[in-house]
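Take a look at the structures listed below.
Look for chain A in each of the two complexes below; its partner is chain B in the first and chain C in the second.
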Partner chain A sequence: MSAFQYFGHALATIFTTPQYLFFMLLFTALGILLGALPGINVNLSLILVLPLTYAMQTESAMVVLLSCYIGALSGGLISAVALNIPGTSSSIATCFDGHPLAKQGKAGQAVGVGILTSFVGGSLSYALLLLLAPMMAKVALKFGYWEYFAVSFFSITMIIGIAGDDVFRGVLGAALGMAIAMTGSDPVMMVNRYNFGFHALDGGVTLTALMCGIFAVPELLKLAETRDDPDVEVTKLEKFRGFGISAKDYLSRWKNILRSTVIGTYTGILPGIGASSASLLSYMTAKNSSKHPETFGTGDIDGIIASETANNACMGGAMIPMLALGVPGSSAAAILMSALSLHNVQPGPLVFANSANLIYFIFAICFVVNFFMLVLERGVLTGYLKALTAPPRIVMVIVMLMCVCGAYSSRSSFLDLYVFAIFGTLGFFLQKGGIPAGPIILGYILSSLCELNFVRAYAISRGNVMAVFHRPIAAVFMVVAILSLANSVRKTIKADKARKAAETDLASNG
Partner chain B sequence: MEKKLKKAKSDMWTGVLSALFACLYFAETFRFILDHSVPISAAVFPRIIAGLVFLCAAAIFFRGLRVYRTIPETARHEAKANAAGSSRNLFHVLEAFLILLGVAVAMRPLGFIVTMTIAMFLMFVLLEKPQKRKYGLYAIFSLTLPTAVFFLFYYCFSYLLPTGVLRLLLARIL
Partner chain C sequence: MKRLLALILSIVTVLSLAACGSKTQNNTQTGAQTGAQTGTQVTDPQPTNPGPDSTATEPKLDYPKYAITINGSTTGSTVDINARSFAKVLAKYVPVNVVVNSTSGQVDSFRSTMNAAPDGYTLCWSTVNVTISDVKGKTDFDSVNASTFIACTVKGGGHWLCCKSDFAKKNNINSFSDLIAYTKAHPQELVVSTSAGMVTDVACKQFISAGMDAYPVSIEDAGKRVVALLGGDIDLYIGGYAAIKQYIETGEVMCLCYLGHERSPFSPDIPCTTELGYDLNDAASIYNLSCPKDTPKEIVAYLEEATRKTVEDPEYVEALLNNSSVAYFAGSEETYKIMSEYKQLMIDAGFGG
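After this line comes the complex of A and B, so read on.
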C-alpha cells in the first residue's frame, strides 16, 4: 500500500466512526479552553487527559491526546493577544504584534488571523509530513551535537532582533534569561550551580513559573503603579467578520505563509528545538524580509502570521523525530510517546514498516482535528474576547489566581511561588529599563540546549572549536548567525547616528 | 528634553545594576564544586554569560552617561521637581509585590483557598481607587473563585492544591 492509500483508509475510518468525531470535538474544545488560560500549558492539558486514555484502544487514545494537544497549542494565542500573556511558550512571538493590535481595539482581527493561519500552517505542515516523513527522518539523523549547537546559537542571535534597534538591550535580555537558566544542576556533570544552599533550587527554575511571573506580574504591577492616574478609556472591541482578513489579503501574503510553514516544519523535525524557537525564527525572518520592518512590533498582521503559522507547522514536524526516531522533541511529545508505549507501539526507525496503519491514522487525526480547531476556536472567539474586555483590574486579579495555580502545579513546589513573585517583579523593573520579556524567556529556553550540545560536541571534537565549521549544516547556521549579529550591531550604530543627527538639527534650528 | 533625561537615567541605572549583577554572578562561579578532569567545566558557560551581561551593561551605561552630560543643569532640576509623586506610585508597586510574596509565604501553612481568598481581596482593594471600591463584590469574587479553582483542579486534573488549615475540613468533603 502507498502512503496515500494508507492515509485515505485512515480518513475513511475517522469519518465513519462517530466516537472518533465526538472525541475530536470534545477534546479540541477542551484543549482550546485550557490553552487560552494563562498558566495552564500544553503539558498540563495533556496530563489532564492522559489518564482517560489508559482504558481506551490505541486509536481512540491518539484521537483524545492529539485533539487536546492541537487545541491547546492553538488556544495559547488568545491570551497572548488579549492579555499579552502567552498561554503557551510557543505563542511568545504572537504577543509582539497581537497585543498592540488588541490595544487598538482589533483583538478580534488579530486572533481571527491567528486562528486562520494556525489552520493553514498546520495543514501545510501535515501535507509535508505525509509526503516527506520517511525522507525527512533520514535528514534529521544527520544532525549531530555541533548542528544542534549551531541551530540554538543561531536562534539566540535571532532573539536580539526583538529588542528593535537597541541590540545591547536585546543581548542583555537574552543573557539574563540564560543566566536564570543556569540555576540548578548543570546538564552534563550535574554540578550544582547558583542554588545558594537551597536544595529546592537543584532542579532549577521552572519555565511555567518564570513565564507566568515575567509576563503576568508586570501587567499587575503596572495597574498598581497607575492606580491614582486618571482613568483611561477602555479600548472597545471593533466588530469584525469571518477571520478579520479577506481571502485576497491573506493570500497576498503567501510568501510569508509558505516560508513560515517551512521554518516551522523543519524546526519541528529537530528534536529539542521546539515551537517557541520556530515561531521566533519565523517572526524574525518575516521582519528581516519585510519592506517595512519598522511596523513589526506595532501591530503588523505579518508578525502574527509568521509566528502562528510556524508554531502550528512545528507540530507536524515534531511528529517525525517522535515517530521515526523515537526521540521526543518536547515534553508534550514525550507524553504522546509514553501514551504510544502504553499501547505497545514502539516509535523508532521501524515504525513505518511495523505500524504503518497507525502512523497514517495519526496523520489523518492531525488533519481532521486541525479543521475542528478552526471552526471551534472561531466559534468561541467573540464570547471569550468579551469576557476579557471586563475591567482590567478584575481580569488581572483572576489571571493572578490562574498563574499562581500554574506556577505551583508545574512541579508542586512552594519555591515556584517565590520564583513567580520575585522574577515577576524583576521583570517589571526590567521592562521599565527597556528590556522586553520575550528575549528573557527565549534566552532561558535556548541556553540549556546550547550549553548541553556545545559541551558534548566540544568533548567529541577533543577541544577543537573550529570543528563546527567542518560540518556543512552547522557551518551555514554559524555563518548566518554571525552575519545576523553583525547586522544588528550595524543597525544600532546607524540608529544612534541618525538620532544624533536629528538632535543636532533640532538644536541648530533652535 | 524630559524624555531624553528619563531615557539617559534609565540607561545608567540599567547599566549599573546589570554590571553589579554580572560581577556577583561571575564571583559565584568560584564556589562551584568542579570536576577538573572534564574538558569543559560547569563554570564556563556561566562565566561567558556574566561577561556578556557586563559588556552590555557597560555599553548601556556609557550611552546613558553620554546623553546625560549633554542635558543642561536647569533641565535636570526641572525634571527632578516634576518627578515628585512618582515615589507614591512605586509604593503601590511595593504593596502589590508584598501581596505576591505573602502568597508564597502563606501557601504552605494556610493552604490555597485561604491564602488566595485573602490575596485576591487585598489585590482588588489595592488596584482600585478608594472612592470606587466595591467591597461586597470583591468578597464574593475572592471567596468563590479560589474555592472553585481548588475543586476544579481536584476533580478535573486529579491534582490537590495545598490544603493548609482547612486540611481536616477538606478531608471530609473530598
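After this line comes the complex of A and C, so read on.
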C-alpha cells in the first residue's frame, strides 16, 4: 500500500471506531485543562495519563497520549495570556504579546488567535510529517554537535532582542538564568558544580520549579502590593467573536505563519533543541522581519502567531526523529517513545516497513486530534476567561496551589519548593529592578543546550574551537549570531546616545 | 460563576480521589493490626483479582495498604522504561497500584529512597550506575550498604562495539582485531562514544585496555550515540543493542564484537570478546530494586516474592527482550552479594575517583 492508502485506512478506522473518538474528545479536553494550569507542563500531563495506557492496545494508547499531548501543548497559551504565567516552557514567548493584549481587555482575541494559529501550525507540520518523514530524518543527521552549539548560541543572542528597552538588564537576566542552569552535575562529565555541599542540588534546579517561581510569585506579590490601591482596577474582558480575528486579516499574515511553521518543524526535527527554542526563534524572526518591530512586546498579534505556530509545528517535527531514527526530538517525545516501547514497538529506520499501519495511524491521530483541539479549546475559552475575571485574590491562590503542586511533582523533591519560593521572591525584586522574567528562563534553557553541545563538540574536535567555522551550517549560524549581537549592541549604543542628546536638549531649552 | 467554580472544585476533588485510590483488597485481615514488627507470616502475593476459589486462611501482613512508589530515573530513559515495564507487571502481584516516579537521575532516586520512611511504600529502581558513581566519589552514601536490596531483576544486556559499514569497508576493518590494528596505526584518531559515570564507561575502558587506541567522548544516551555515529561525529559506538539493531539489519552499521564471555542471544552471529582472545570484564547492566535500610524483613520478603513472580511473568520477559535485556532474578541476599562484588571489582579496576 502507498502512504496515502495507509493514511486513508487509518482515518477510516478512527472515524468508524467510537472508542477512539471518545478518547480523543476526553483526553484532548484533559490535556487542554492540564496545559492551561500553571505548573503542570506537557511532560507531567503525559506522565499522569501514561499508566492508564498500560492495559490498552497500542492504537488506543497512542490516541490517549497524543490527544493529551496536543491538548496540553496548546493549552499552555491560555495561562500565558491571561496570567502571564506560561503553562508550558514553549509558551514563554506567547507571554510577551499575549499578556499585554489581556491587560487591554483583549484576552479573548489573544487566546483565540493563538488557538487558530496552533491548529494551522500543527496541521501544516503534520502534513510535512506525512509526506516527508523518512527524508526529513536525514536533516537531523546533518546536524552535529557544532551545529547544535551554533543554533543554541544563535538563540541566546536572540534573547537580547526580547530584552525590551533596557538591553543591559535583559542580558543580566539571561546571564543569571545561565548561572542558575550551571547548578548541579555538569551535563557531560557529571562533575558537581555550585551545590554548596548540598547533594540534594546535584540534580540542579528544575525548569518547572524555576519557571513557576519566576513567573507566578511576582504576580502574587504585585497583587499583594496593590491590594489597597483604589486606582488598580480589574481589567474588563472585551467581547469577541470566532477566534478574534477575521479570515482575511489572518491570511494576510501568511508569511509569518509559513515561516513560523518551517522554523518550528525544522527545530523539532533536531533532537534536544525543543519547542521553547522554536517559539523564541520564530518570535524573534517575526520581530526582525516586521515593518513595525517596536510594537512587539506591546500586544502585537504577529508575536502570538509566531510563537504559537512554531511551538505546535515543533511537535510534528519532533515526531520525525522519534519515529524514523528512534531518537526522541523532545522530552515529551521521549515519553511517547517509552509508551511505544512498553507496547513492544521499536521506532527506527525499519519502523515504516515493519509497522506502517501504526505509524500512519499515529499521523492520522495527529490530524484529527488537532481539529478536536481547535473546537474544544475555543468552546471552553469564554468560560475559562470568565473564571479568570473572578477576584484576583481567589484566582491567584488557586494558581499558586497549582504552581506548588507542579513544582513538587517534577521530581517529588521538597528542594523544588524552596527553589520555587526563593527564586520567586528573587524574581519579584528583579522585576522591580527592571529585569524581566523571560530572559532569565530562556537563558536557563538555552545555556544548558549550548554548554552540552559545545563541550562535546570541543572534545570531538580535540580543542579546536575554530572547527565550528569549518562546517557550513554551523558557520552560517555563528556568523548570523555574531552579526546579530553586534547589531543589537550598535542599536543600544545609538539609542542611548539619542536619549542622552534628547535629555541635553531638554535641559538646555528648559 | 459560582456554579462553574463549584463544578471545577468538584472535578479537582474527584480527580484527587482517583489519584490517591488503591485497588480493593480481597483478603481479610486479623483483628489487630499486627504489622511486620510482630513477625506476622507473609503470604504469597496474589494477582489483583484472584479467582472465586481462592481463600485467605493464614494471617496476613498488614502490607501493602496503599500505592507503592518506585523512584525511577529521568523520563524516557532506558532505566525509566524498564522501571515502568516492571511496575506494570508487578501490579499484578500486589493488591495496590504501583506508581513510577520520574526523578532527575538514578543517584537522586537512590538518595530519595534512602531517606524515605522504611515502610515499604517507597522503593528505588536503579542500576550499577549508582555503584559506579559511589566508587568515583560522586555520592554522599555507600551504594551497597545504605539501603536494603530487595531483588535483582535484570542482569546482562551488555555492550556492543559498532562502526559505520562504509568506514569499515574503506579501511578494511572486518573484526575487532582489525580495528585494534587500525587504531595502533592511527592512535587517537578515531572517536569512540562512552558515557561518563555510567557502566558504558566501564565497557569503553575495557575495550581500550584490549588495545583499542581511540579517543572517548561522553554521550549519555544510546539513541544520541547512534545519531552521532550516523552523522559522523563519532567513529565507534559502544552501547546497547536495542538502539542500534535496526541499523545493523539495514546494513548501515557493522557490529564488530560483543563485550562478554559468551555470545549474546540477541546477536548470535556477533563474536564475543572472550572467543576473540580478549579477557575482559563484561560490564553487565544489573537492575535492582531496593528499599530504605530499616525496612522490616517481612516486607522485604513480601516484595522479594512479588518481584520473583514478576521476573518470571512472560509479559515482563517479553518486554525485556524487546529492549535487548534478559530477565534474571536474584533474591535480597544474593543481590547484596552481587552488588558488593561489583563495587569491589570497580575499585580494583581503578575506577575510584
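Definition applied: the second predicted complex is superposed on the first by the 507 of 510 C-alpha atoms of A that agree within 3 Å, B and C clash if a C-alpha of one lies under 4 Å from a C-alpha of the other, contacts with A are read in each partner's own complex, and residues count from 1 in each chain.
The rule we apply is simple: a residue touches a chain if its C-beta (ideal position, glycine included) is under 8 Å from a C-beta of that chain, and two chains touch if they have at least 3 such contacts.
Source: prediction; values computed, not measured.
> Quick one: classify A:Arg169 as touching chain B (first), chain C (second), both or neither.
first
> Quick check on the superposed pair: does A:Ala459 touch chain B, chain C, both, or neither? Answer first, second, both or neither.
Touch partners of A:Ala459: chain B and chain C.
> Is A:Met182 contacted by the first partner chain B, the second partner chain C, both or neither?
first
> By the touch definition at the top of the document, which applies to A:Ala475: first (chain B), second (chain C), both, or neither?
So A:Ala475 meets neither chain B nor chain C here.
> Is A:Val217 contacted by the first partner chain B, the second partner chain C, both or neither?
A:Val217: touches chain B, not chain C.
> Contact-wise, after the overlay, does A:Gly434 reach chain B, chain C, both or neither (first, second, both, neither)?
After superposition on chain A, A:Gly434 lies in contact with chain B alone.
> Could you tell me if A:Leu52 is touching chain B, chain C, both of them or neither one (first, second, both, neither)?
neither
> Just chain B (first), just chain C (second), both, or neither: which does A:Asn192 touch?
A:Asn192: touches chain B and chain C.
> Residues on chain A in contact with chain B in one complex and with chain C in the other?
47, 51, 188-189, 192, 459, 462
> Can you list the chain B residues touching chain A in their complex?
10, 13-14, 18, 21, 25, 28-29, 32-35, 38-43, 45-46, 49-50, 52-53, 56-57, 59-60, 63, 88-90, 92-93, 95-97, 100-101, 103-104, 107-108, 112, 116, 119-120, 123-124, 126-129, 141, 145-146, 149, 153, 156-159, 161-162
> Flag every residue of chain C that touches chain A in the complex, lowest number first.
Checking each residue of chain C against chain A gives 1, 4-5, 8, 71, 75-77, 80-81, 84-85, 88, 97, 99, 101-105, 107-108, 111-112, 133, 138-140, 191, 196-197, 215, 217-220, 223-224, 226-228, 230-234, 242-243, 245-247, 249-250, 252, 318-319, 322-323.
> So in the complex, the part of chain A that touches chain C is made up of which residues?
Residue list for chain A touching chain C: 43, 47, 50-51, 54, 140-145, 184-185, 187-190, 192, 199-200, 202-204, 206, 271-272, 321, 325-328, 331, 333-335, 337-338, 341-342, 344, 346, 348-351, 383, 386-387, 390, 410-413, 456, 459-460, 462.
> State the interface residues of chain A toward chain B in the complex, per the touch definition above.
Interface residues on the chain A side: 44, 47-48, 51, 168-169, 171-172, 175-176, 178-179, 182, 186, 188-189, 191-194, 217, 220-221, 223-228, 393-394, 396-398, 400-402, 404-405, 408-409, 414, 417-418, 420-422, 424-425, 428, 432-435, 447, 451, 454-455, 458-459, 462-463, 496.
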